[in-house]
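Sharing a structure here in structure tokens format.
A, B, C and D label the chains in the order they appear, each numbered from 1.
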Amino acid sequence: MIDYQSILNNIYARVTRETDKGKIAKYIPELSRVDPNRFGIHLKLISGEEFSVGDSDVGFSIQSISKVLTLSMAMSQVEAKIWNRVDVEPSGNPFNHLSLLELEEGIPRNPLINSGAIVIADILVSQLKDPKAEFLKYVQDITGDPSISYNLKVAQSEKETGFNNYAAANLLKSFNNLNNSVDAVLDFYFHQCSLEMSCAQLSKAFFLFANKGLCLKNVARLTKSQAKRINAIMLTCGFYDEAGEFAFEVGLPGKSGVGGGIAASLPNEFSIAVWAPGLNPQGNSKLGMQALERFTTLTNQSIF
Amino acid sequence: MIDYQSILNNIYARVTRETDKGKIAKYIPELSRVDPNRFGIHLKLISGEEFSVGDSDVGFSIQSISKVLTLSMAMSQVEAKIWNRVDVEPSGNPFNHLSLLELEEGIPRNPLINSGAIVIADILVSQLKDPKAEFLKYVQDITGDPSISYNLKVAQSEKETGFNNYAAANLLKSFNNLNNSVDAVLDFYFHQCSLEMSCAQLSKAFFLFANKGLCLKNVARLTKSQAKRINAIMLTCGFYDEAGEFAFEVGLPGKSGVGGGIAASLPNEFSIAVWAPGLNPQGNSKLGMQALERFTTLTNQSIF
Amino acid sequence: MIDYQSILNNIYARVTRETDKGKIAKYIPELSRVDPNRFGIHLKLISGEEFSVGDSDVGFSIQSISKVLTLSMAMSQVEAKIWNRVDVEPSGNPFNHLSLLELEEGIPRNPLINSGAIVIADILVSQLKDPKAEFLKYVQDITGDPSISYNLKVAQSEKETGFNNYAAANLLKSFNNLNNSVDAVLDFYFHQCSLEMSCAQLSKAFFLFANKGLCLKNVARLTKSQAKRINAIMLTCGFYDEAGEFAFEVGLPGKSGVGGGIAASLPNEFSIAVWAPGLNPQGNSKLGMQALERFTTLTNQSIF
Amino acid sequence: MIDYQSILNNIYARVTRETDKGKIAKYIPELSRVDPNRFGIHLKLISGEEFSVGDSDVGFSIQSISKVLTLSMAMSQVEAKIWNRVDVEPSGNPFNHLSLLELEEGIPRNPLINSGAIVIADILVSQLKDPKAEFLKYVQDITGDPSISYNLKVAQSEKETGFNNYAAANLLKSFNNLNNSVDAVLDFYFHQCSLEMSCAQLSKAFFLFANKGLCLKNVARLTKSQAKRINAIMLTCGFYDEAGEFAFEVGLPGKSGVGGGIAASLPNEFSIAVWAPGLNPQGNSKLGMQALERFTTLTNQSIF
């Protein structure tokens, strides 16, 4: 049997010693004020057991990790409307996000890059009566935690500075791949990104993907096949242009956010979330990547 | 001596016979309602003589031809602020306008593509107290024709459907190459594109470029060097991805618009404007291109 | 317990009924002469059990599947020399293989696209005294089958028509990412692609990746970590621009070839090879993809 | 009347004072050994008058300037075969020459970039019995100077190191846009680039383009229309990604080479050649560009 707690302790001891903790995202004031020394991990086994270390109960801005949750909600409600509007291929390209969108005539490469997540947001805005409230409810439900909420300051800051997302949404609109107004879709999108969750909460949300679509209360939130597909998309597309590197070094389906969080799953085994605010040059949590690499090495567990 | 009138008559007779007149731009209702059989030419010699044929006095939407006029106004007022924000190279690429902008970190290839013209618009919005009124006045002044005006319906339609321009402006903003708000800049930009002018009026406006910067009243509106540079930019960048073809077949500095107009100059000789609403697949006036090719062949005049 | 044989039979019955079998690769005569109705599967469990159906013992041109085998050999001998010359990211791009290579200054995206495999070939040519003989020996050894051989006609045909590979190799050379002569490297490369193997033989070769690096005789041919990494690379990069789709629909690390073969592994469970010569528009075996999708659905086994 | 000689003297005095003379091309030993202080200009008026300053009679490697001469020869013999195999649009892109070729399926952007010139070379290799001898003869004839010759060492060096050109030629071949063998075409191409000519000789060769296709002996070597078209192509495509800049600053149709030469024409007025071996970052002669800019400013002559 694996002694998960001592493995987490080992990682904590080792990783927090690192002097180069990466760079904190500074594009909005709210993110830049986070303490760079924060570090937490929460692990949730399929068996129900949980292990944690460090700041695992401190909330942070989940940012792009939310893309997996909106995708999950959209797949559970209107999967048929998704795959002719978004592809499932890795984007590969660090340097020209809009270029690919333009070359491929408005079909985003996958739902985990910004343009793809904006299309998913558009689908939810069309589908839901009160998109922001209903999506928040969905996240609260699958985690069993009604205390989760949006950070409205973060959402507002992103609205004021998210010109690249406005560019993407308008480009999608020019290709007729956005049904609602740019403003309505981005209002929802900036809110989803502003969700604050702790590692403990995130690992509960990702339990779905580890547990064949069943949530903590054993309710089917996704079909088995949908859970499998979300894992597949996370593995090939979850880490920007470092997806291959993450598969190569870590070997878990997962998703990172510029808030420094990473959530991942090992199907049929566990879900896990890590938080360390400093980012590497590719925009993924520097120590978070190291922690997960160490975790799969020490436990000898990965999908490969 | 060249008999310009009979050359224009010859072109008219020949070109209006063409059955395939190209396709009228349909992206906004105002443009799509134009009669595809319209055809006019107006020629203005440096000597002052004028020649015309067909619908040379009928106003039409000058669209992208306006980019030369805003560039001219901006160069005359604040040239120093332009060239570190916009380049002067041909864009070459038909298929990925935003891609290049992204790859080149927000510096548009030249002031005659949309993104470049949006930067010029931004410069004028910063510079002028009442940009729309002052630019209109500038155009009225250089043509000596106070009847020229914006078509507000066209401007409004473009505002409602110009998602690609919103994408470009937001992308520029994300690269810190737009000082004013996207809405303020595009409001000006959509108005400049909506200007209605006839071939006669356009050839008067382009007289500046043929006449070393001096307008009809012999007032210096541009330095000799600025007039030369605008001609150079028009020659290398004035016809989207058909700039080379136009130089090759026609050999005049010029600029086309999706309203079907083309205005051009032969330095020290003449300015000329043609109008035929049907476009070729590259978005340039089909019969307008033919007319100018025939004109330079019959007159044996071109910059080459 | 899963009844693998009846699942294979079920797949055989279903898939061979398909009327649209895809298109046979025709770029060299040797490939174009294959019977489009060929279809075989071979499955090899970690336990040692084997199951097969159809033409599972008929040899075919493994083509790009060989890239996994040269990578495996190179990693086992000189892994330290690989990763600064080749990346491990998906290429994403169907349409411009050389473009990416150029933009990224001669570092191929991953070892399973042509340019990457050419770099691996270069590494082996530098490392081995008699590269062709030693690589063949390696493949014979890991499969335990000395009858495997190159098809010299196929190798010769590729040499005569492989201009795109000559372009890639010369481009690599221009970026100083090829140490040997273009001709020496491509001679080896065209031979590796010409290997003829049956599904039975391929599933034995891929047993390494399913079995933590241990071959059929329980000899460690790769470290556990290397086997894991090869699986990760296959999953993210093994199917050209359909890697995401394959992960999404099938969920196994694998590699396809234009000869119509696909070999895959489920770590700790099995290796499997399929052969159906007709290709889909992305260049992967059309019925092979369907067969594997059906296989993972019916067995309910995948890495996700 | 313009005092050309004192203008040339003025330029010489001014330009040779510059301390930053740019960087000499070093990719082959023969080019790297040139004295960076070399500087010459030769001007040839349509009237027949000639003016020169500095090293105007010293031969140097004309390199890419030869592309205009092969184009001229090909147009004079088989123009009908050219324009469906090469386009006439600026390439615009500094960084990915092969990318565009790949995206546009093997049709080079224009005949003055490497891939386009390789197609022109292929056309001449098909057309001529002894391509190298006949092309040399053509250049000797239009300049009236039988002493012009290839530098065989330069040709040999380029053959040994020109991997990027091998890549381009093989890519063209893979798109069926090369009829002869890669080796035959590049052998011719490397020889054309190795031509040694002085400024005086180059300005005589370019006299054709200034003089409506008539050579020094008043023999028509090109039609008027062909001469015009070559000027148009030089203006839009003659300076890599600095074509727009050259048109903007200088305003003459011309072509540069990495040997540090630039040859240009002003139709109906003069041809001119400059030589200064140091290059700017775009690969054009640094002082040569300055000299021509100063020349068109002081003479107040340009096509615009």
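The rule is simple: a residue touches a chain if its C-beta (ideal position, glycine included) is under 8 Å from a C-beta of that chain, and two chains touch if they have at least 3 such contacts.
Here's who's who by UniProt: A, B, C, D = Glutaminase.
Small disclaimer: the values here were computed from a predicted structure and weren't measured.
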item: Most distant chain from chain D, judged by the mean position of its C-alpha atoms; value: A
item: Distance from chain D to chain C - Cα centre to Cα centre, in angstrom; value: 47
item: Chain centre separation in whole Å, for chain C relative to chain A (CA means); value: 32
item: Where chain A touches two or more other chains, by residue; value: 95, 103
item: Chain contact graph, described as a line, ring, star, complete graph or other shape; value: ring
item: Interchain contacts (touch definition) - all pairs; value: A-B, A-C, B-D, C-D
item: In the complex, chain B residues that touch chain A; value: 95-99, 102-103, 163-164, 166-168, 170-171, 173-174, 182
item: Chain C-facing residues of chain A, complex; value: 87-93, 95, 100, 103, 109-110, 224-225, 227-229, 231-233, 235-237, 241-245, 247-248, 251, 253, 267, 300, 302-304
